[in-house]
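Letters A, B and C name the chains as they come in the text, with residue numbers starting at 1 for each one.
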Amino acid sequence: MTLSCRNISFPFNADRWLTRLTRLSACVSAAIVLLVITFLLLESWPAFRTIGVSRFITDESWHPLSDRFCLVPMITATALTSGGAVIFAAPLGVCSAVFSQFYAPPRIAAWHRRLVELLAGIPSVVFGLWGLVILVPLLAHLGGSGQSLLAATLVLALMIMPTVALTSSSALSSVPAELIRGGAALGMKRWSIVWQIAIPAARSGINTGVMLATARAVGETMAVLMLAGNVPEMPSAIVSPVRTLTANIALEMGYATAEHRSLLFVSGLMLMGVVSAGVLIAELVRGRRHV
Amino acid sequence: MRQLVYVVFTAMLLSVAAGCGTDRSTPDKVNAVNAAGLSGKLTVTGSSTIAPLAMELAKRFEQLHPGVRIDVQSGGSGKGISDARSGIADIGMASRALKDGESDLTAHQIAADGVCLIVHKSNPVIQLSDKQVIAIYTDQLNNWIDAGGTDLPIAVVHKAEGRATLEVFLSYLELENPAVKADVIVGDNQHGVKTVAGAEGAIGYVSIGTAEADALAGEPIKLLPVGGVAATTANVASGEFPMSRPLNFVTGRSPGALATAFIDFCQSEEVHDLIVSQYFVPVQR
Amino acid sequence: MFDSVNASAIKERVACFVVWLGAAAILCVLMWIVFDILMKGASQLSINFLLNAPEDAGRSGGIGTIIVSTLMILAVTITAAVPLALASAIALSEDAKSGPGLSGFVRRSLDVLAAVPSIVFGLFGNAFFCITLGMGYSILSGGLTLACMALPILIRTTEQAIRAVPSEYRHAAAALGLSRSTALFRVILPSAMPGIGAGLVLGIGRALAETAALIFTAGYVTRMPESLSDSGRSLSVHIYDMAMNVPGGNSRAYATATVLVGLLLFINAAALATTRYAGNRGSSHVMSGAIR
């Protein structure tokens, strides 16, 4: 019967339609990213044409209305704030997931999850406001005005932690029960089971969470704008003010002339370039480890 | 390779679908001025400083002319000017005077706004000379003790490039932007106020209206006089205050009848109370 | 042997302490933020605040029209994003290769899409939905832009959830002669529902929390929207305007934030209830039961 079937892999018509439909949706999703990148390229093309690429790295400072266009301090700031935020948020998020899945009594676990979900939906403006009004004056005691790399990194970590926590939590809950029971049967204690069985089994889900959190941190605009100080210079200390690429766009876009606008889109494009490089590197690292 | 072709094809398909869609949105120029009153739709975009005022003006205008709908959008003075030029908006809002390259547009001033210096309320300094301000902003004066205050390092709050407040401030002090060494750069006026309110050694400059309103609401800031003139909206109205900027409605080549009627309304005496309630200064015509 | 038992016992205690400490720290900071919002905004809350339209640039009146606009934008986002995300996730999870090929390309593009700054999305949404597609400043443009932003989160988490379903389910379904689509909709998706629910909550959270993207697409207007093509500001845009633009709007900003937090609690509960109804009840309790 199977040999007389038209197509062995699609013995049912519904399956063929399902595959077509789902593949089309995936194409549409990928097409959106192409549209966004095309948009960025179109908008930043005038700047590339008049100024060229190297000046964005070699100029002495960022003063676009005085003909200076160095983006290096801002790239550094983006890397430092996002990197710092992920370093704080990832362990904290996984810790929260482990807590709600393995250590907490069921009712406390449910409430903890609900509160983390709440944290996930608080607008970046509110985080920025809280940071500006409460955290920054506290940090001002350390020097400067308080608006600094440290303030931005801390609040950013707080903002992305729920992403890691929630995805890790569902990844940990999908670990097959037999693995856990097997560990318990071998006499392993709770932490050993978590560290040596559950987390490695949930690794792909946790990685997804960290990836999404990093992406969110890199793209965050509002909160960093309110907290980082926005001075386009290389930071000399953790309490120095910095300006990220996203804050650069948001800060100057509203009042920019056409040429200035084009320059700002170059920062956006540079951000996309950095992110794409990061994604490709992560892919290579993951590929090498599996092979 | 084939998969990449599929994705690019889908992207092209989406773009074609987009192009075949409805025409570029042009503002509804069906502004029928009939005996019963005005009707139609206006789109006003631009400066976020003017947007709350424009919204209130629009609301009052809509109450007087029930057939009219005015949508006010934010996005910045730059966007307001480019939208007015390209026709996407009927009226653009700009919180600055028009520049040389913008002579194809017409500016209709509806209000004025002063720019003043603010410091933390606990700061004992009550006045700074222009020379001292220049020294503070170019990093030559670093501690309040050298300006008559307590031993506290000065945290300089500056505005982002392109902002009208910055341009008014720098042109008054005759400074170039690269010469300014700031500790914090802020975007909106409120951001500046909150920054100064949060650090005792901070100094910044913001719109007078914003500073007055926030000081009244309890923020720990203090307005400093500029050039000997006290920083109040009354002084801006009388013209004594040296640093001020115009708030303009900008139109392109041929504004419709409705847009002209609305602008006339906004420049009339009837709306002075609204302008004052938003902490700006009405201009005498 | 005595030493190794002691060492592992100490490790257990330390781990337990650290985990509880971490969770408590998170809880404390969250409570700090929520209490701060409540304390500063509670004075402005009232039934009128929830029902009336804003007046005096938002400094008096209420936020009734804004709540309606927000819910409409959210509805558009969910309607546009969830089916697309589900379908794409199904496609990605069927194709296991993560290297060259369609699914690898789609995954990489989604990772890049997730990192696009919200202001770039706002400007893109303005250029594409408002101008090119002719929708103008409208709730529809805002909802679709947010759908683009939420897509990476929804797709990646749904894909993970589908992958995590044990392969025995798929084998059993095939052995019973079910078609792939029946197996998918009757067996695999219901088992993956808790994970999908978590992704939905994250996606909704991201959508409600967005400000910069909506200023340029759904707009700034406070009027009650009469259709999807009307402009209407969302709660987060209103919070931004009150806190950072309008002088003297501070307490209103906090009050609006309080309402947003309340709305969020309600929507999250609704989303989770929906996914629990659509999925198998009790499959996630197996985990915690195993260790006790």
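Simple rule for what comes next: a contact is a pair of C-beta atoms (placed from the backbone, for glycine too) under 8 Å apart; a residue touches a chain by one contact, two chains touch by 3 or more.
Just so it is clear, the model here is predicted, and its values are computed rather than measured.
Common partners of chain A and chain C, by the touch rule above, are B. Taking the CA centroid of chain C as reference, the farthest chain centroid is that of B. Chain A and chain C, compared by their mean Cα positions, are separated by 15 Å. If you average the CA atoms of chain A and of chain B, the two centres end up 33 Å from each other.
Multi-chain contact residues, meaning those touching two or more other chains, occur in chain B at positions 6-7, 48, 75, 191.
With touch defined as above, residues shared between interfaces to two or more other chains in chain A number as follows: 23-24, 27-28, 30, 34-35, 226, 250, 253. In chain C, the residues touching two or more other chains are 102, 105-106, 128, 243-244.
By the touch criterion given at the top, residues 3-4, 6-7, 18-19, 21-25, 43, 48-49, 51-53, 55-56, 71-75, 88, 188-191, 193, 209-210, 212-214, 216-217, 277-279 of chain B touch chain C in their complex.
Residues 23-24, 27-28, 30-31, 34-35, 38, 61, 63-66, 68, 132-133, 136-137, 140, 143-147, 225-226, 229-232, 241, 243, 250-258, 260-261 of chain A touch chain B in their complex. Residue ranges on chain C touching chain A, taken from their complex, read 8-9, 11-12, 15-16, 18-20, 22-23, 25-27, 29-30, 32-34, 36-37, 83-85, 87-88, 90-92, 94, 98-99, 102-106, 108-121, 123-124, 127-128, 148, 151-153, 155-157, 160-161, 163-166, 179-182, 184, 194-195, 198-199, 201-202, 204-206, 208-212, 235-236, 239-240, 243-244, 253, 257, 260-261, 264-265, 267-268, 284, 286-291.
Of all the residues in chain B, the ones that touch chain A in their complex are 6-8, 10-11, 14-15, 47-48, 75-79, 82, 101, 153, 155, 157, 160-164, 176-178, 182-187, 191, 194-195, 198-202. Of all residues in chain C, only 56-58, 101-102, 105-106, 128, 130-137, 215-216, 219-222, 231, 241, 243-248, 250 touch chain B in the complex they form.
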